[in-house]
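Per-chain residue numbering starts at 1, and chain names A, B, C, D, E and F are given in the order in which the chains are listed.
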Amino acid sequence: MTHLPFSGLISFARAPILDLAADFRADVGVLGLPFDIALGFRPGARFAPRAIREASLRYALPPEGFYDLRTGQRKLAGLQLVDAGDVILPSLEPELARNRITEAAQQLKSRVKLPIFLGGDHSVSYPLLRAFSDVKDLHIVQLDAHLDFTDVRNDTRFSNSSPFRRACEDLPNLKHITTIGLRGLRFDEEAVQAAKSRGHALVGMWDCADLEKVIQQLPEGKNVYLSFDVDVLDPAVLPATSSPEVDGMSYATAMTLIRETVKRNTLVGLDVVELTPALDASGNSNLLIARLIMETLTEVFS
Amino acid sequence: MTHLPFSGLISFARAPILDLAADFRADVGVLGLPFDIALGFRPGARFAPRAIREASLRYALPPEGFYDLRTGQRKLAGLQLVDAGDVILPSLEPELARNRITEAAQQLKSRVKLPIFLGGDHSVSYPLLRAFSDVKDLHIVQLDAHLDFTDVRNDTRFSNSSPFRRACEDLPNLKHITTIGLRGLRFDEEAVQAAKSRGHALVGMWDCADLEKVIQQLPEGKNVYLSFDVDVLDPAVLPATSSPEVDGMSYATAMTLIRETVKRNTLVGLDVVELTPALDASGNSNLLIARLIMETLTEVFS
Amino acid sequence: MTHLPFSGLISFARAPILDLAADFRADVGVLGLPFDIALGFRPGARFAPRAIREASLRYALPPEGFYDLRTGQRKLAGLQLVDAGDVILPSLEPELARNRITEAAQQLKSRVKLPIFLGGDHSVSYPLLRAFSDVKDLHIVQLDAHLDFTDVRNDTRFSNSSPFRRACEDLPNLKHITTIGLRGLRFDEEAVQAAKSRGHALVGMWDCADLEKVIQQLPEGKNVYLSFDVDVLDPAVLPATSSPEVDGMSYATAMTLIRETVKRNTLVGLDVVELTPALDASGNSNLLIARLIMETLTEVFS
Amino acid sequence: MTHLPFSGLISFARAPILDLAADFRADVGVLGLPFDIALGFRPGARFAPRAIREASLRYALPPEGFYDLRTGQRKLAGLQLVDAGDVILPSLEPELARNRITEAAQQLKSRVKLPIFLGGDHSVSYPLLRAFSDVKDLHIVQLDAHLDFTDVRNDTRFSNSSPFRRACEDLPNLKHITTIGLRGLRFDEEAVQAAKSRGHALVGMWDCADLEKVIQQLPEGKNVYLSFDVDVLDPAVLPATSSPEVDGMSYATAMTLIRETVKRNTLVGLDVVELTPALDASGNSNLLIARLIMETLTEVFS
Amino acid sequence: MTHLPFSGLISFARAPILDLAADFRADVGVLGLPFDIALGFRPGARFAPRAIREASLRYALPPEGFYDLRTGQRKLAGLQLVDAGDVILPSLEPELARNRITEAAQQLKSRVKLPIFLGGDHSVSYPLLRAFSDVKDLHIVQLDAHLDFTDVRNDTRFSNSSPFRRACEDLPNLKHITTIGLRGLRFDEEAVQAAKSRGHALVGMWDCADLEKVIQQLPEGKNVYLSFDVDVLDPAVLPATSSPEVDGMSYATAMTLIRETVKRNTLVGLDVVELTPALDASGNSNLLIARLIMETLTEVFS
Amino acid sequence: MTHLPFSGLISFARAPILDLAADFRADVGVLGLPFDIALGFRPGARFAPRAIREASLRYALPPEGFYDLRTGQRKLAGLQLVDAGDVILPSLEPELARNRITEAAQQLKSRVKLPIFLGGDHSVSYPLLRAFSDVKDLHIVQLDAHLDFTDVRNDTRFSNSSPFRRACEDLPNLKHITTIGLRGLRFDEEAVQAAKSRGHALVGMWDCADLEKVIQQLPEGKNVYLSFDVDVLDPAVLPATSSPEVDGMSYATAMTLIRETVKRNTLVGLDVVELTPALDASGNSNLLIARLIMETLTEVFS
């Protein structure tokens, strides 16, 4: 294995490529969802799974793991990581697309301890969450600039503004959502009231000045699905997203929240959505997301 | 009116903006279809109506028309041109989107002599053509690198590979299609056979070396709907398209075919599709398409 | 009205378009000044009015106003916002251009409570300010990395380094200027002395560490014209400007200063200058400026 | 001298840099005019002199000249080439700018056999031509998509649409202009009539199909100033120009016309204008123009 | 297998990925050489193997082959195509890098009928050709704008200007080279004489006007290694190359020369070099090269 | 001298250009090393010397120096600054390249008080440091995200990961290295141990929260060579680098560390490496580095 990131065939962090139909078991499995047709603004997230994989070659995992300068320890030694490829998704048949996402997520979930889903726009989280309908007392931690709890937008109930609304309707086991990083000039009042009436925690970016207090609002001892919308990050840190909101989260704060979430809970799934590679010609946004995923793994598996 | 193309508010060629609901009459009406979610490759055609309008400011039409150096004549003097804005299109409800396109096209068609539709990907041509179901003996001239007559692709019947297949199924008045500019490494054999069995004319780019012979294959004395897929042009001439095919048509050849088509027939509608502005950072592709539309008007109205 | 930001015709925040010659009244009017020929560095600000308008479609104002998550209140409900288009500006006749700017600004000022001017480079502020020669005891708050108080640069007195010098010479009612955000490796000493001798407040970026103290230097109870040069912001936050200076202001600090300014004073006019859209291919800079203007309105009209 | 084009300090083709004030003599002198504020469309030609110089390093002239594969001969051996830098040009004082251009051109003209001027937009040709008011029976060959003979545009007489009109008014010795490559959707009728009434030759791009015939229209035995507007080239060949016109000239045709012009006449000056480097991120447009200038020298000095 | 080109894991045309160490046999094998440090101009060809693979997904080969519209035939049905990944290449140990290339090429050559090598800059052709030292009477057909037969350039004998010079020195079986597409302002006279003295055919781009005559100069009945430097193509057709030369070859002409070469000879190897993906942000250059390779296969295997 | 940064010939801050062979003396000399072939990731640093020079024109030094607003003082008045051009560097002869770098650095060092080296990738620091083998008790302060103390990487001992390892082996006078800004997901454990065993100070980015403490770790009263790898900066601040690491240093912190370093020690040399201009299309990264160098000069010479 080379660690020349411009060389060699591409899989997530140079993990072996295995078909979902195959009978494998692993610690972590990565699945791509090249789907970006939910109503929004600037398309291109369909290229994100590929871009994240390519960037992840900078973080190819050697068998002995990563040596961490700060702690002097090795991390992720022996981790079994698998790349399960992309789900093939028709566009003009969105219900079929949603069903395929759910089915593939169920398969991956049955094979690995931690399934990681690479979006795609945020609409994919709804069919992904359907694969977690059997998880007891499911909690979601959503890092996001937007609430994504809208009922109907522009005549559709399935846009990237609605995944968690739909999930709450369909999944009785979905107990609670903590959304952190909210900001922006305008919100959908009906969505805000609906989320509040369900008892969800809505944490504005302005609340993150007191990070300790935010951490205390995180669930504890729960089964947690983490949904990471890259637009939670500040656009200066991550320009490559469809709907940027200024004055966002630093990478360090995001990693702290992820760390505290996985420390206090059992992480049952992770999605990373709304990365739009073409909006950052330098490719730096892709590199950052690849690292964020690998760093999340160091928190989960240590 | 200024002719500074970087200044002033934007409408197609600085035409007045009128709502489709209003009771107006005009020679030409332009309607945008910012829709790019049909299965394909590189998205972004949703920004094409806006990009074409902005580029068209270089061709703002003065009341006295354009002075043509070659002929010494004025063209398009007094033409009544109207910009009817964009159709609002939901994405994850594709059937609803198709219905809205058809309805808006019907409205525009009832108000102007020549409706011009700015795509959007090529899937919009099917709902557009449904608005022409009342035209007697409808012929289509399609300038395109691809046949777009596929039955089913990736589990959908409505992708940008299928608009003319669907139109043929639904519109008994659609008599014939002439497709010019075909090329590429591979074709859908079933689609080719289906088109041939209906008697359609399939003209390869290689046939265009003898342009006279191609012109003779054009319909004569018919009601013609012209569908212009920008990928018929050579990618060196127009890089900004999702699925480019090398060794394409020059602008001059395309204009000759348009000229001969409108000279011999009655043009009942025109669509221009598959322009993807973000793929040509210079903006030159947009400028070319804006000119092509205005030059088509000089052929129709003279 | 759609809130699909890639769809529909373009006016500032989807406001109605009205000609300055028309007899209208409104709360806010927006006027574009596509002018970027004052001596400087990287041209392209002539495209800023258009780019800001396009970006502002993300902030189309619904009649019921924006719902603010933090306060739970609606903002800008019923605001009458008008887009008055662009001034047509010759380039090689700069005196004529300046006169047209002044005249158009006077017209807009007579029709709306708050006129907003979209530059263009900073040289436009001088002819804009001439339209405010009738305002009693005019104060200027200038957010800017540069002083722009140079007498003569490269043989001209009208470059984007001199607007406030010229304004001070011509407008007896211009009492005071507070410039905040100054930084950079070198300054024009003569300009600094001239500004100081007039009693202007020159606030360096280094002073902004103690924001409370800066706020106390703001005027109170005055008629204030706010001139926002986008290069006051940190280039990481806003890369799209001709002459970036590192270690600049955050968006949050800029909004705090704007908020405190409008709270303590009467805002009589606002210009936003030096945005150069082509320098940020992502378009994020444009989106940020559109939001900054809308958020300023929420501060003024609440 | 290296021929690594990414290495070393920059001057035109690695020529020695000499100040116009110095008392030198040379075969060829290059002078830059970083000026792009004449009314037009997309600014940025101010960066063209620098971009052409940088690209020209690929064509650094060794003392023994270039070896030509086709003829087996050495070309430009011993040519004395000098780079005289750029004229410092104020913007908001356009008359002063024009005077400085004229003066610098006179100086260069007095020192070299062939002065080459790197624009800048086409407005610079008027003050450049004033430096040739002493040339007997001056003829101009203008390769250009546009006529640039407009009297007044957008309230100015000095835009990049008018340089030759102004020159004709001011220079009694300017006998004739041959403009080749004209095309586009619209022309200024008054300008066309004015040019024709003076007997100018207006050669459309459509006439260039019969190149021999065009060549016969070239002047013979005259003092010729060649003005090369890069937009005469096809935008596929040279995308980096403010106002592209489709279906333009190939490089080969342009070089043929240049070759025939210099063969039949005495070339007294050359300008190359309207290159806008930022519109071609590949840099290929700059490389092409650098080569065109060097290849022109091989025609003149052989 | 999907034919959504933005979806799924990446291998050349979705071929199976096999390690060179494995004991496989196939018709065609593809090997990447991400190496771009030979002296030149603009680096970035190290990303070409990856970019070509990604683009090739548009040409994923179905088992039944491609249906060709022009002939009505299926092509490449049942072709066994394998992707053997990239060679791991150190940079500051160039001799070691060359040895690894030779060794990997030998391995691939022993396993497949036609090995295809994806450069990298043109310097890789020398170590590649060393793997063909056992081929009887080896002929090379080189499509290239440059001769690449220089002895020493900038103190090195192994730059991308010298691969064929080195090969001729080392390989007694290398009988003849036909170089087609030569052009440019200057040539290395010593290199030209050396090539001519060996009897090589040097065919200028100007000779390609009479393509029949060029075809007659191709070898016949020989073992031919085809070296395709993408800069043989016109920069308008393929902008993404380090050292573009204007007035180059069309894709159609290049394919004709390839077709005639493989028809008359036995193709023993193919390399495609000097593609620099970052110089064409549209990605169209990559798509063109992927197609050229697949189309070459249709000529070889039919 | 103009201060129009888009005008005029290019040298560092408009300093006079002098050949290293000439017998000159100056305060500061700048030398470019356009070399980027050491193993790494994204090439292009070969264009950095040119890009930094072009950007530095914004900081052309007038004889009277820069006027500093904060202190009211003039800085760098009368500084003798010289641009010594670039070293001509072969690529495929890396040992020769290293020798030329060492030799040129020795020459520059003998002529100026402070030599400044513009990389190039970080591998150049090793041959540069060899020119300082005569400096008593040499200390290095390295601002860098990476340790660059690896023994062998990808079969080479001379990559951009190893310059300081090689320098320590070769230079007995090299006493100590302080590396500040370290961060990233993985480190080379062997390199970390080797550096620690030599007593080097390894300061993580996380330590920089307490900047005072970091400053106390700086050497005092030593001869210091400062090696500035631009990737020490946060990628939001400086995107244009090959191997960005998120959560990096602000410009202000970097300047503080530079200031404190030069205040407490004698600065004997400075290199600035790993700038990759093509990765930041806005050019802002280049401008920032040009300013950082000039600002460093104000600290050294005051």
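Note that contacts are C-beta pairs under 8 Å (C-beta built on N, C-alpha and C of every residue); 3 or more make two chains touch, one makes a residue touch a chain.
If you're wondering where the values come from, they're calculated on a predicted model, not measured in any experiment.
**Q** Measuring centre to centre, with centres taken as mean CA positions, what chain is farthest from chain E?
**A** Greatest centre separation from chain E goes to chain C.
**Q** For the Cα fit of chain B against chain D, please give the angle of the superposing rotation, nearest 5 degrees.
**A** So the angle, rounded to a multiple of 5, is 120 degrees.
**Q** Chain E and chain B are one sequence twice: same or different residues at the contact, by the over-half rule?
**A** different
**Q** Can you compute the centre-to-centre distance for chain A and chain E, using the mean CA position of each chain? Integer Å is fine.
**A** 41
**Q** Using Cα averages as centroids, what's the distance between chain A and chain D in whole Å?
**A** Each chain reduced to its C-alpha mean, chain A and chain D end up 55 Å apart.
**Q** Please set out, as single numbers or ranges, the residues of chain B touching at least two other chains.
**A** 2, 4, 6, 39, 46, 88, 154, 236, 281
**Q** On the basis of the stated criterion, which chains touch which? Give every pair.
**A** A-B, A-C, A-E, A-F, B-C, B-D, B-E, C-D, C-F, D-E, D-F, E-F
**Q** Flag every residue of chain F that touches chain D in the complex, lowest number first.
**A** Those residues of chain F that touch chain D are 2, 4, 6-11, 17, 32, 34, 46-47, 49-50, 53-54, 83, 85-86, 88-89, 281.
**Q** Write out the stretch or stretches of chain E touching chain D in their complex.
**A** These residues of chain E touch chain D: 39, 41-42, 154, 182-189, 192, 202, 204, 206, 235-236, 239-240, 243-244, 246-247, 279-281.
**Q** Which of the residues in chain A come into contact with chain F in the complex?
**A** Touch residues, chain A against chain F: 2-6, 58-59, 66-70, 74, 234, 236-237, 250-252, 281-284, 287-288, 291, 294-295, 298.
**Q** Inside the complex, what are the residues of chain B that reach chain A?
**A** Listed in rising order, the residues of chain B that touch chain A are 36-39, 43-44, 46, 88, 90-94, 96, 123, 154-159, 278.
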